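Look for chain A in each of the two complexes below; its partner is chain B in the first and chain C in the second.
So, the complex of A and B:
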């Protein structure tokens, strides 16, 4: 009994630590500017306002940044998940020559500071007209996210018994048919988790967004927000309203998929 | 060729081609910059300079400070993320009413974009709009309600706290997954044999988690060492290099001084250090597997 109470208290402490910063963001974003400095450290302002949100949505370019981010993140999520499930399937079902090399390639691609490839990528994409373009960002983000997504998808496939597609192949289906009709429906939660994971990674990316796309018409939310902050660094209410809006889609997505992430990783861990 | 032997290559080809073109080829180009004098917008630069950048590095105080800070930043962040993440995973592995909701809420910081978690914590540490300095003062830990991010002695703790807040869910999620895959009957057998919770944790849980722990700690260490966003957003490496790590130093060399040659040389050193670290962990893992 004692132990149970202690456990609940510890969880409550974790919950408080996890949510307090987000709560503070929300609190400042609804505090009228004249109360912000006067009321000091109060957990909730004596008066609430949505003015900051209205001015962010009406008088800034955030709706455009929002749209750009949505396009880039959704396209990246779809492309990465397709490429990564193919690779993850190959890793979970085949032994093939060069497998260790491919695994090594995926590992090395996770090991270096991405800053080092920004200039070469710029020189690669500029002649193709892919800088200052949403397509260029999608291509780069897809490449950056495929390795971890492939690892996740592999662990989802490991959880599905091989007998299932072997039985289908006995009945005369090709492996590709078996994959499409038998295996893929079973990995839907895995596909959703991987897609959601890549979506949030693309939604959060700052470095390439800043370096490859300088024009505002193709800016995504993170670089837009940073630009906004360096221009209006004193308008805390508006900054936090914009930040809170940026959080909504990823948090909603994550809230829905996190259970599948745990399941997917469990499946991988069973196999060791 | 056996029928269907091409099949795995068909499945891995898109990923491999994409990574080779967008990551590995640029990486090789980027590494070659380390041996050239490359300053953006300077038409006279571009010469091959051999190992000059590496010789400069040996005498560059900022580099050595950043190297030392990288060690502190990475080890303290990963240790706290791991310790708290393991504690959280153990807590969540017990039945509890409303556990699903609690779990979803506790893992939420992971969904927050990295730079945004940096901004949020920078605001929390700001005495004008944040509560933390006032609470630290009330607790007697601080003489004046000032911003710890501007005090060189403690500034590194700002980004570390933000990093820990943001990184706990990663460990909690992967370790919780590993915990849930341990069969329950092992624990039942152990308690029949009279083993208490602490003994069960040391004799069953830890050994079975060891492979996951080793792998996640390794991945995370590499990742945290390369993670410059929090520092760039919160302190830009200041005050006076007090929070500069190698990754943020590379960032400022490249994008403030536009010195891509020297930035690439520093990045090459960081990459070598991390590869050495990963190789050591892999060797340890193999040794552990052989011992059983």
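So, the complex of A and C:
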């Protein structure tokens, strides 16, 4: 009983800690600009306004950034998940020459801070016309995310008994048919977890978005948010309103897949 | 239905040989059981026949056709897995029709085949359930149904009963055997359980360390084991082995004459005695032995004896009261004494 209370208290404290910034985001986004500094620190402003939202949607390029982010993140999520599934399946089911080396290299690729490779990547992409381009971002994000996603998918495949696809093959299916008809339906939680993970990583990525794309027409919203910081002032109200809007797709996405996600993460955790 | 023929089959895992030259002819309609301790290569052999493992050397023929390089899906064999390997996201009906759908059979034909097989196995009520809503025995039955619905060239069973409790195992043993009688399908059955092997097989193949030790009808392996391994593996309770010596008069163990039968002088031998082929008699008529422990089984009792310093188990339906420390007589018929070469374990013939 005592332990239960303690546990609930600990969880509540954690939730408060984790969610407070989000609450602050919401609070600032509905605070009229004149009250932002005028009222001191208050938990909720005395007056609320949606002006910031209106002007973000009407007078800034935010809808464009939002669209760009959606394209980049969705494409990255799909491409990464497909590539990671293929790699994860191969790692889990096949023995092939150099397997340990490939896995080792994928692991090593995760060890360097991304800042180190920004310049070389810029040098690579510029001549190909892939800077200032959404496709360039998609390519980079996919490359960065696939290694970890592949390990994640591998653990999901490992959790599915080999017997199942062997049974399907005895039943007259090719390996690919067995994969499509038996293994993939069982990996849906894993696919959802991996897709969600990659989507949110791409959605909030700033470094490459800032370095590779300078033109506003191909900016994603994280770099777009920086536009609210001008030389002399920061438009906190609009910035928070934009940020709050940017949270919505990710929230919606995770709300949709959360059941699979919990299943998938635990299933992967046991084996992985 | 088809015959299966293996000749000189080899398989290595890395540098470790698991099958060392297997020659085996399985006749059309025969029920053959591969039996042996874990790690003996029996499952690997089955998987080679199935095509799930690549063969290292040798030839496998099904119905006269060389299948070394034929994919599992084109060998037309059905397999029942130890884990059942039911597709968890499909209903029983979908599980059973999976193979027929792969062959693009007409839906009407598929339905009829599935329903027939389901009726045969008592699954008709369960066709729309998912595997997770089934008991262990029902799952086992669905795995069987998935195999028989296809009418394959042969059935392969990979320890299909080892996940069931003892009573269910006994029942499924009976049902599989009955089914084999009805369908007459060539079957290869892998198990580590010698009782399953004895009760189900037309012929048993006893394997150890990747080498066939003996092939024969169950009674043949029981009565006439080719070596120490088969003698010790087949039969429960297991055969007694005693160190003994061959003399001009007969077989001597610890100064006692076990069997007065003249034979070639041969020095040290290992004597094999089935626990159920001996009897307890009055202390002054048989070989003197002391009771060490008595384990009653209801039907009979298992008596542990000390015979001139060596331990002997005796299994008898004679339920006379015995207590540890009792001195009794042990009666052995000379015909029941099997002799083995202690080096190498080969049966000594001529005895």
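Assorted remarks:
As a working rule, the second predicted complex is superposed on the first by the 252 of 272 C-alpha atoms of A that agree within 3 Å, B and C clash if a C-alpha of one lies under 4 Å from a C-alpha of the other, contacts with A are read in each partner's own complex, and residues count from 1 in each chain.
Everything that follows uses one rule, which is that a contact is a pair of C-beta atoms (placed from the backbone, for glycine too) under 8 Å apart; a residue touches a chain by one contact, two chains touch by 3 or more.
What you see is a predicted model; the values in this text were computed from it and never measured.
Clash-free side-by-side placement of chain B and chain C is the outcome of superposition onto chain A.
Within the superposed three-chain model, A:41 lies in touch with chain B and out of touch with chain C [touch as defined at top].
Judged by the touch definition given at the top, the superposed model places A:126 against neither chain B nor chain C. By the touch criterion stated above, A:161 is placed in contact with chain C alone, chain B being left untouched. Among chain B and chain C, the chain that touches a larger number of residues in chain A is B.
When the shared chain is aligned, chain B comes close enough to touch A:206, but chain C does not. Using the contact criterion defined above for the overlaid structures, shared-chain residue A:9 touches neither chain B nor chain C, since it reaches no partner. An angle of 90 degrees, to the nearest 10, separates chain B from chain C at the C-alpha centre of chain A in the overlay. By the touch criterion defined above, A:170 reaches chain C but does not reach chain B. Within the superposed three-chain model, A:248 lies out of touch with both chain B and chain C [touch as defined at top]. Residue contacts after overlaying the shared chain place A:216 against neither chain B nor chain C. By the touch criterion defined above, A:50 reaches neither chain B nor chain C. With chain A used as the common frame, the shortest Cα distance separating chain B from chain C works out to 7 Å.
Judged by the document's definition of touching, no chain A residue lies at the interface with chain B and also at the interface with chain C. On chain B, the positions that touch chain A within their shared complex are 4-5, 7-12, 14-16, 18-27, 29-31, 33, 38, 40, 84, 87-88, 91-92, 94, 96, 100, 102-117, 119-121, 123-124, 128-131, 134-135, 165, 168-169, 173-174, 176-178, 180-181, 211-212, 219, 222-223, 226, 228-229, 233, 246-247, 250-251, 254-255, 260, 263-264, 267-268, 270-271, 274-275, 278.
Interface of chain A with chain B (complex): residues 7-8, 10-11, 14-15, 17-19, 21-22, 24-25, 28, 36-37, 40-41, 82-84, 86-87, 89-91, 93-94, 96, 99, 102, 105-121, 123-124, 139-140, 142-144, 146-147, 150, 175, 200, 203-204, 206-207, 211, 222, 225-226, 229, 236, 239-240, 243, 246-247, 250-251, 253-255, 258-259, 261-266, 268-270, 272. For chain A in complex with chain C, the residues that touch the partner chain are 161, 163-164, 166-174, 177, 181-182, 185-186. On the side of chain C, the complex with chain A involves touching residues 50, 52, 71-73, 77-79, 81-83, 85-89, 98-99, 102-103, 146, 150.
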